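In the two assemblies presented below, subunit A is common to both, partnered first by subunit B and then by subunit C.
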Partner chain A sequence: MTLSQKQKQYLMEFFRILAVILIALALGFLITLLVSEEPVQAFKELLTGPLPKISWTEAGLKIRGINRFGNWLEDSITLILVGLAVAVVFRAKQFSLGAEGQIYLGALAAGIISLHTSAPAFIHITLALLAAAGAGFVWGLIPGILKAYVNADEIVSTLMLNVIAVQIYRLLLIQWLRNPDYGYIATDFFPETAVLPLVIPGTRVTIALFLTIIAVVATWFLMTRTPLGYEIRVVGDNLKFARYGGINTRRVIALSMAVSGILAGLAGAHLSMGILKQLTLNISFGIGFEGIVVALLARNDPKAVPLAGLFYGYLRTGAQIMERSSDVTREVVLIIQAIIIILITAERVLPLIQQWRMRRKLPQELSADHSEAAHVA
Partner chain B sequence: MPPFVEMRDIVKIYPNGVVANRGVHFSVEKGEIHALVGENGAGKTTLMKILYGMEHPTAGQIFLEGRPVRIQNPHQAIDLGIGMVHQNFMLIPSFTIAQNIVLGQEPRRGRFIDFEAAARLTTELSQTYGLQVDPQARVEATPVGMRQRVEILKTLYRGANLLILDEPTAVLTPQETADLFRAVRRLVAEGKTVIFITHKLVEVKQIADRVTVMRHGEVTGEALRTADVSEADIAQLMVGRKVLFRIEKPPQQRGPAVAQVRDLSYISETGRPLLREVSFNVYAGEILGIAGVEGNGQTELAEVLSGLKPPTTGQALVNGRPVLGKGPRQVRQAGVAHIPEDRLTNGVALDASIADNLVVDRYFRPPFTRRGVMYPRLIRRHARDLMHRFDIRAASEESPVKSLSGGNMQKVIVAREFSSEPALLIAAQPTRGIDIGAAEFVRQQLVQKRNEGKAVLLISADLAEVMSLADRIAVMFKGRIVGIFQNGPDITEEELGLYMLGLKQQSPDEIETLQ
Partner chain C sequence: MSLDTVLGSIFTVAFIATIIRISTPLILPALGGLISELAGVINIALEGLMLVAAFLGVVVGAYSAQWFPGWPGWVYPWLGALAGILVSLVLAWLLAFVHLELGADIILAALAINILAQGGTVFVMFALTGDKGSTSTLASPALPNIVIPFVNRIPVLGVLFNAENMTGYNIMTYAALVLTVLVWFVLYRMPFGAHLRAVGENPEAAASVGINVRRVQYTAILLSGLLAALGGLNLSMGYLTIFQANMTAGRGFIALAAVYLGNRNPIGTVIAAVIFGAATALGAQMGTLNVPPQYIEMIPPFVTIAALVIYNLRRQAQLAANARKFQDKLEQEHGAG
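Presenting the complex of A and B:
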């Protein structure tokens, strides 16, 4: 009974999202029709672009477009890590927008360890990752403490701390870390011992893939199998109830932001140690904020974040490919992408449909499910 | 002649699938007082919100004097002469009574509001209907009973012929209730019609001509003449089974003082003294009832003692351990449990599961958490066990608390607080707004704890409840304890009412001897 009810819920949610995605894609196609000479081709790029093209030729199995496939996974890894970070704080109903700054400081810490220490690969990578996680932790703890103890609004404080983080990053990069011989502002490439090992040849998909899987499991474990996770959920559901029950709500608020920072810091390490292999002036391009979309899609449920991240990554990569290989401009692509996200996160789209169906249900039919509704009423 | 108001085959299904009304038929004759009763969640408030245009029916029709009408919003309802006085008053505290009454339809002189005319109109209305108010007083400075009269006058000012009163006596003292009933009879004498929502059955017999009973969204007793039915009949229609009204209470076995509160004062953040030198003991094996009109410091007393608010001065010992100024967790560890007054805010997390709600005070201890790892399976098993013991009706232990009825929600809180084996149990308004069956259960549990030798501090605005459960009764007025009584047959509601209104007061010596 319990299980089947829960499964039913998940199934409903799945169909809800599927229905909304279809509606959103249809709208997107309508817009494409308006702006493109070859709308079907353009839209096909959006929908299938990120998939590798597998074909049989005389020479045997041939795979093309592996780099596009790689782009999708690389982007999804970042999105999943940041999505997890946002899901944790949002679950505590703390609207921290600090992932962006934490990504920069995570990348910076990883970069400093990579460039200025040397060790065998395993140790070097571990140290750099720990540094990134630590930087994110601290940069999350600061607004957390400010919120918990002096009631500083976390939206304002995290946005300001983003500014500070990005400027610290640039200051150190320009003044100290950059290689002045380069024609652009960047550090040396990281030594081999500090670059995340490749997993899929022909792409930039590294062992960050496995780290991300571990991060998902760890976050899920934290939220459902530890007292801190319980406290974060209760604080998010009802702060006053948490206090009444004896939970130290200040500590929980501060820690929820700090734990979130760890995950965002690791996303920064993925960008610097896996994708760029050096530090450049701009590394995140606002992906810290895209993590919010992922967390919202996943309803702040760590289990659902990978799916949401892969979906959103697919959409982003498809949109890039559509922009590159059709006559649809970047602006329109971004509009289509945004519309899809708006519709999916609009909570009331499906309830509206349900309500409409209910109105058509006749009163006589209701007496049939009388006993079922009795305990709800 | 067609009835004054007739609602036919009303169906209301909320978007989340909850069916609040399933084919309800409800009719009211002109000039009658019609009681609408039912347990919480029976659908009576929904039905009245439909009549007042705040909710739209999924199906069904409304007729006013035989004419079909569609009521889309409260404005239309008011235009049709329908007025509603809500349970929570909708007044602007910083405005005067006259300003509140004319709000939105102010008499004007040129481009300006004519305040003199407003005051005059208020006085006229108040005299016509015998509803005494002071037009110039600010609402924030007036007692609850007067605020309610202001609400009624407000609807009359807007031309209401049909008044819907939603649980109007829930916040009143016995004296104020008597005043309200007089006023309601006067309204009817002046040609108005009144629908009176309540769950107090004594009142139904006292005030109403006819009564409609609802259960599970259906009418189980339609427009019965109150002269023809007994309270027990109505209760049976509401609950669907026979209800016990008397609670069996064996003679008291009073033990030593479990809680000792001395000179407890609390000043709010805005500087208002809400508790003034409150002193009392609660003994093992006793229920100490705190009576009083709401807002006289009872809420703060419970919150300070349970650690939710820091006291300003004073001391409190529970089993000899000081508890004041400690956080809720330490207070709980000293053996205090707390059924909070505002259960939706403090007592539960609505979106969280029943299982999670039941462990908020113990999730960090074995068996739920061992070596830093929590075991949801054990939390669920613990929940199933408590749901069984406390008769919590829900689809499953993983259902969110918000899917429960008010009574079952309160049972979740009671289950958690009682199962923590407290030495002192603070129960604030433990049966407010829950159905008869659940209230009966909660009261029995309180008496059970007393019989087991625990100390119970019962804070309730329901005087009848305090009188039927408590071994001793303390009355609070303006943050002070103004009288303490050994409960017995010689204690009457009227006598306690005089203390509740501040008209009588014991001397400090008398209070001390009964502490």
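Presenting the complex of A and C:
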């Protein structure tokens, strides 16, 4: 069986990213060596921690650590949704970093619907999810319009909107939504009709798992099978070409950020309606920014995002376990993440290495050719 | 506290002193951002570079007392500052290298540097002190304040020139003042500045007249790293004398916004940085009112966004005006011919 050109390209890309990950992990291990007294143990926890421990005992099959496995999946769900959000805007070459704020407002909107309306479960959940998606859409549309129509730099504007979003969230939580009887700042737990139903018992993996799969397919469909997706890709590849080709680039830029907001808003709904089941002062802990590495690992391709999200979620969960059971903090994952981003974006590394190998090979080949030529002559 | 007292405290010299102190760690990185922006290599990593410099300044400042016990005490903070500047320069060079030599997108690479700084500082801090929040266990020295002599006896000028307690401003505040003038001079009065701006305007044209584009861009990024480092050092060895996780708190990005609001020139950039500083100081003053603190926290980001919009609207209007002038001129020539 021979591979088509496209498949070959995919395969090359896959191995390149695999190499990047291995190099980043190796460098992370080297750094750990410098500070840790038990680096091997620490890295073993990092790399195997999230897996459930399956063992045969006399009582039969025994699975331990299912909650760790659950943590991995829960975290991956958030990462995949945020990764999709980032992949959409990055594909349009917009460097929106607004996912964090959109997560907060998505969670807030879902929380308000959950706590202040009542309906049968199916309708209640649907309404809350729609509210979260809507909040994310609006909070993505604002920097989108600012960029498209006023050319306001989206990096600065989204970072500032993140701060505003978190403060809106806290304002409403503290002034209105919180239950003052609790010793900490939080709302009541959501009514059962507004909590996402559990899928894997013993974990917090809910139907958000299926919603995420739907989101992946929907985003893939949007980007590859709809006019808007086509326009987003053209705008991302060549803005001038898109403009001359008659695409309303302003509309496309604004919408790319808004659509991205929908996905991040849903990630917020997953956190509030599936994981916490209430609103607390902190909900995301910066996970909005982790979407960047997920999108980059997936090369902004929606159908590769789940794999990237699962990988990075695995690393994050492993890092938490490592932090608990060794003298290395989980921040080592941020270092590994930074190395991954730099290596993936450094596009000329591979050609440079090839060039270097060619240069080393060339003299020998030349001499070989030479002798062959001499032979023929 | 009533609104009157707050208003009263705003219109005082002490409030101006507060603004100067808060603005210093914005002015320095903003000048750095300006240089890189004008050279066409926008440096989003200011935030991370500030953070590593702030961290290393504190750590080396504190440890050098153990490493070199016999040395005079005033040397230690400067050793720290030197280390902070060096590590910031190394990371800035890394950014320049992966962008200019390896073709990495400068925005993504800079975001990676920010993540590296954020994770790396906490990682090393925990390894050294066992604390992930701050370096409170380290006795870290401060960079000196400068006290202007004689003015203390004059009521208003004393506070203005030497801050509330007549203890003077941190040396980095004066560095910011001097560097503002220096950056202006280099950019507009020296060949290197002209080259740098030419590279930013049109790299191909600059290259065609023999300017080494790559070298200019390397230099610009390194200079922005130097200026960001000074801002970070001001935070951890002047404004406070401790390092806290993520203590830059977005200042590197606000500094970037100041570059745009300041119309991409040194004087405007510094004025914009002071406006942001004033917004923050105002927020701190209003904290004493009975207003939920969340409203106050929203002021600086809101001002930043407003500033970004105003800058771009003005720029669009300028471009439109230029285009109209050109059109008129064409028509005139046509009419005359």
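Rule of thumb we're sticking to: the second predicted complex is superposed on the first by the 333 of 377 C-alpha atoms of A that agree within 3 Å, B and C clash if a C-alpha of one lies under 4 Å from a C-alpha of the other, contacts with A are read in each partner's own complex, and residues count from 1 in each chain.
To be clear about the criterion, contacts are C-beta pairs under 8 Å (C-beta built on N, C-alpha and C of every residue); 3 or more make two chains touch, one makes a residue touch a chain.
From a predicted model like this one, the values you see are computed outputs, not experimental measurements.
K.L.:
Scan A:198 for contacts with subunit B and subunit C and give back first, second, both or neither.
P.N.:
After superposing on A, A:198 lies clear of both subunit B and subunit C.
K.L.:
Does subunit B (first) or subunit C (second) touch A:345, or do both, or does neither?
P.N.:
After superposing on A, A:345 lies in contact with subunit C but is clear of subunit B.
K.L.:
Which holds for A:186: it touches subunit B only (first), subunit C only (second), both, or neither?
P.N.:
neither
K.L.:
Would you sort A:153 into first (subunit B), second (subunit C), both or neither based on which partner it touches?
P.N.:
In the superposition, A:153 contacts subunit C only.
K.L.:
Using the superposition described at the top, list the residues of subunit A that contact subunit B and also contact subunit C.
P.N.:
In subunit A, no position sits in both the subunit B and subunit C interfaces.
K.L.:
Help me check something: in the complex, which residues belonging to subunit B touch subunit A?
P.N.:
Residue list for subunit B touching subunit A: 9, 11, 13, 15-20, 22-23, 41-43, 58-60, 216-217, 306, 308, 327-330, 332, 338, 340, 345-352, 356, 359-361, 363-364, 369, 372-376, 393-398, 403-405, 408.
K.L.:
List the residues on subunit A that touch subunit C in their complex, please.
P.N.:
31, 35-36, 95, 97, 146, 150-153, 155-157, 159-161, 163-164, 167-168, 170-171, 174-175, 289, 292, 296, 329, 331-335, 337-339, 341-342, 345-349, 352
K.L.:
Hey, which residues of subunit A end up touching subunit B in the complex?
P.N.:
1-2, 5-6, 224-227, 229-230, 233-234, 237-238, 240-248, 351, 354-355, 358-359, 361-363, 366-367, 369-370, 373-377
K.L.:
Would you pull the subunit C residues touching subunit A in the complex into a rising list?
P.N.:
Answer in residue numbers: 44, 94, 98, 101-105, 107-109, 111-113, 115-116, 118-120, 122-124, 126-127, 132, 250, 253, 256-257, 260, 292, 294-295, 297-298, 300-302, 304-305, 308-309, 312-313, 315-316.
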